[in-house]
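Some structures are shown below for you to check.
Across the two complexes that follow, subunit A remains constant while its partner is subunit B and subsequently subunit C.
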Partner chain A sequence: MTFARRIISKLSPFLACLGLLAVWQLAALWLDTESFPTAWHALRTVPQVLGDPEQLLNILDSIRRMAIGFSLAVAISIPLGLAMGRSARVAAFFNPLLMMIYPVPKAALMPIIMLWLGVGDASKTLVIFLGVSLPVIYHAFQGARAVEEKMLWSGAAMGLNGLQRMVRIVLPAALPEILTGCRTGLVLALITMVTSEMIARQSGAGNILFNAMDMAQYDTVFAMIIIIGALGIVLDAAFDKLRWRLVKWAEPHQEILLGAS
Partner chain B sequence: MSAQRLTTALMGALPILVVLAIWQMLCSFGTAPPSLLPPPGKVFLRLAQQLGNVGFLDDILATMIRLFAGFSIAVVLGVGIGLAAAVVPAINAVVRPLVQVLAPLPKVALYPALIILFGFDHASKVTLVTLDALFPILLSTYYGASMVEQKLVWSALAAGTPRWQILFKVIAPAALPSILTGCRIGLVISCIVVFLAEMISSTDGLGHLLVGAARTFQTVDMFVPLIAISLLGLALNGLLYGLRKYLLRGFPEV
Partner chain C sequence: MQVPLRPETDTGSGVTSAHHRARAMIEIDRVSKRFETSGRKSHLALSDIALTIDDGAFVSILGPSGCGKSTLLYIVGGFVAPSEGIARMKGAAITGPGPDRGPVFQEFALFPWKTVLGNVMYGLRQQGVKRGEAETQSLRLIEMVGLKGFEHFYPKELSGGMKQRVAIARTLAYRPSVLLMDEPFGALDAHTRTRLQNDLLNIWERDRKTVLFVTHSVEEAVFLSDKVVVMTRAPGRIKEIVSIDLPRPRVRAELLLDSRYQKYVVDIERMIDDGRDDAEHS
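Let's look at the complex of A and B:
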């Protein structure tokens, strides 16, 4: 009984995917317009798009930019967020500025950043960096703030200095929360990647998607939507696996997924 | 206490002032040519001018209508589905895998499909905002409602509350802090997404203003809509904070 239930719960995301594709298929058959191909048709176009070496290189370029922007953002945001969480002064210093920047759509800075850095990799990576860093800072901040004081006192009593306490007590204690932030950041990175390429229109997955849209190649549009969507789901699932390994000891924490910018 | 508050406020204002000062310095020392980075005074002056301009106000209004429509639909759907999934196991079994698949999906990529289905007008943008704001609200409602202490439910039942009223009298109020947190995240997302959708394809709205200014290299006008959406986001966030304080009076500070 429990075994069957486990299998069902493992399979349920795939069933959900199949269900969504089925709904799409039926809706397309029902609407029956040229601009809305059936799911089957779009799925058949996916290998065509990925088989074209130029487009494949474009998509890989996008992923590379996303990886660089994401890693830089995480490397800088986690120490900043932890510092904000442990020091009221640092928090008071940065908080209002971050509150101002948070609702600004990062990809909307693209036209301005393009004026300064050109349409190349630098500006797109910078925009992804900006988009990812805010949620990571915020979650690291929340996580570090919630660390139990007693643990820090014990650490201090055992002779750890400030930096050691930060690395050996605050960082692990805040890790579940930080990883939630990183997961949000991952989704954001993907979205920012698509949007920045859509605005710069030079290369990348977003460029293929919106160019196909402009040229009314609807099969390619929907194939790209499937590819980008699958990328999001796969990256998220992979990250969740990683998170599970790193913070098995913590209870499964509230996982609010952002999806924007 | 109030002196301490003042210091905190001053500390917070400092980095914003520093950013403005650096911006001004870059302009006045000629490091950045004004065609690439207009001086802050000019930008804020233009913003003040534009606020008196009917066309600009129309654009802000268009953005706000889309934002509110999308956000409200997302709140209604998110809270409704979230509560239902937390209470009814059968709904949970259907909703959970769907959310697992749909939440990490980058919704902006769906926008071309939405344009094809709903046209270039309000509908496609409102749908995009709803899709993007829905999941944080739904997830936090679900977690809030499923963390409600069982003892509270038992006490209410023992005190004679009918079973069907438990949802509204016990579970929904107990999940309120979590729901409001989700709404706050959803609101920030709505601001961001409505702007992006208008940038991609639109004939009005703040995002459209930015794209138009970018095409004609009017750098001053490029900064104005960005600052406007940032201020709009801040104001709405403040409103939601006030609402939260009002609704959660009597709750322990969360």
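Let's look at the complex of A and C:
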């Protein structure tokens, strides 16, 4: 009974994917236009795209920029958010700045950034960096602010100084919240990666997608959408697995017992 | 060297004064605490508190909520600075928290990302004790507070009473000279509360650490303490200090039938009621 249920719960994402592809296939057959290839056609094009060394290098370029932008953003945003959460002065200094940047779509900054840094890696990585930073800062800030004062006092009584309390109490206590921000950041990194490449067309997954669009290679367009979508799903699932390992202590306890058994 | 005539007002040299007050562990010397609130108003939480706590004594601070009793404990802990006056530990002015004063809070304040063992070991590891040695000592403490078998559980998986046992073990682990207990059993149900009171007394009987214990329960204060400091509400002042002259080790079932215990409880309850009348009439 529970075994069957576990198999169903493991299979359900695949079933959902299959369902979606089936709907696509039927819709494409019914509409029968050139700009909407069937799911089968699009899927068959995926290995062709990935098999082409130039296209593959383009996609790997995108992933590299995304990884660098994401890592830099996380490395800077976590300490900044934590400092803002624990110090009213730091928060008062950075808050107005962040409030101004927050509602601006980061891709809208792309033209200015391109003007300064050119159309190469630097601009695209910077836009990804900006896209990832804000949710991570926000969640690190909220997480740090919610840390119980008494927990910090307990640490102080054990002899931890201010910096040690920050690294060894505030950081782990805020980690569940921080990782929620990172997960949002990861998806935003993928989005800004594609948009930056469609604005500064030079290389990358977004570039392939829009070049194919211009040349009416609709099979390739849909194949790229599948590839980017799959990349997003895999990254998100992998990140969630990592998050689960890091903060299982914060999850409801029956899940921990399940994990241990 | 000249011996000071009135060592209790000597704020200077710790060595000579410590010698003269060999039995005084904590001295609270005319401490007041004023909290700045919105605008120009401020709230006087503590007014002119003077209290000496002897080495090895179990002293409770008892009072209605809002009388500043927790604030007084935080001042001794070094978590909060007094507005006036000074608190001293073994003759030296308290300027901040330190491992010689171990707090136990009503909210437990455990580290949720650490297991029971990890929490109890934390202070020892911080003080440079090797992992193996810290683990051995911590396991012994966990057994002493009755949590053998739960070493690898996370706080989230424990009941309130168990969490507080962990918190007590975590604080005892780094061997503070003074335990500062801030309504430690206030969040627990009556049954758990009684059991923890008994266990705390048993643990205390072994090494007779100095304990400063904040509570609003008269029975709890009388049952546990050598001295009960009764406070009045806003601003918090000491109304009376009652010495509890009951034999130890104390057994709850016997004490409840003991007329001396009953008299202490009734007397102290009356004092608190008087205090409330004062506040209401003024």
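The rule is short, and it goes like this: the second predicted complex is superposed on the first by the 251 of 261 C-alpha atoms of A that agree within 3 Å, B and C clash if a C-alpha of one lies under 4 Å from a C-alpha of the other, contacts with A are read in each partner's own complex, and residues count from 1 in each chain.
Here is the rule we go by: contacts are C-beta pairs under 8 Å (C-beta built on N, C-alpha and C of every residue); 3 or more make two chains touch, one makes a residue touch a chain.
In this text, all values refer to a predicted model and were calculated from it rather than measured experimentally.
In the superposed model, A:Thr220 lies in contact with neither subunit B nor subunit C. In the superposed model, A:Met158 makes contact with subunit C only, not with subunit B.
With both structures placed on the common chain, the touch criterion links A:Trp249 to subunit C but leaves subunit B unconnected. Ranked by how many residues of subunit A each touches, subunit B and subunit C are led by B.
By the document's definition of touching, neither partner reaches A:Ser123: not subunit B, not subunit C. Residues common to the contacts of subunit A with subunit B and with subunit C across the two structures: 256-257. By the touch criterion stated above, subunit C contacts subunit A in their complex at residues 77-79, 96-99, 101-103, 105, 107, 109-114, 122-123, 126-127, 154-157, 170-171, 174, 176. Listing the residues of subunit A that touch subunit C in their complex gives 148, 150-151, 153-154, 156-160, 169, 172-173, 175, 247, 249-253, 256-257.
Across the complex, subunit B is touched by residues 12-13, 15-17, 19-20, 35-36, 89, 92-97, 99-109, 111-112, 115-116, 187, 190-191, 194-195, 198-199, 206, 209-210, 213, 218, 221-222, 224-225, 228-229, 232-233, 235-237, 254-261 of subunit A. Residues of subunit B that touch subunit A in their complex: 7-8, 11-16, 19, 36-37, 93, 96-98, 100-110, 112-113, 115-117, 132, 135-136, 139-140, 143, 178, 181-182, 185, 188-189, 191-193, 195-196, 199-200, 207, 210-211, 214, 217, 219, 222-223, 226, 229-230, 232-234, 237.
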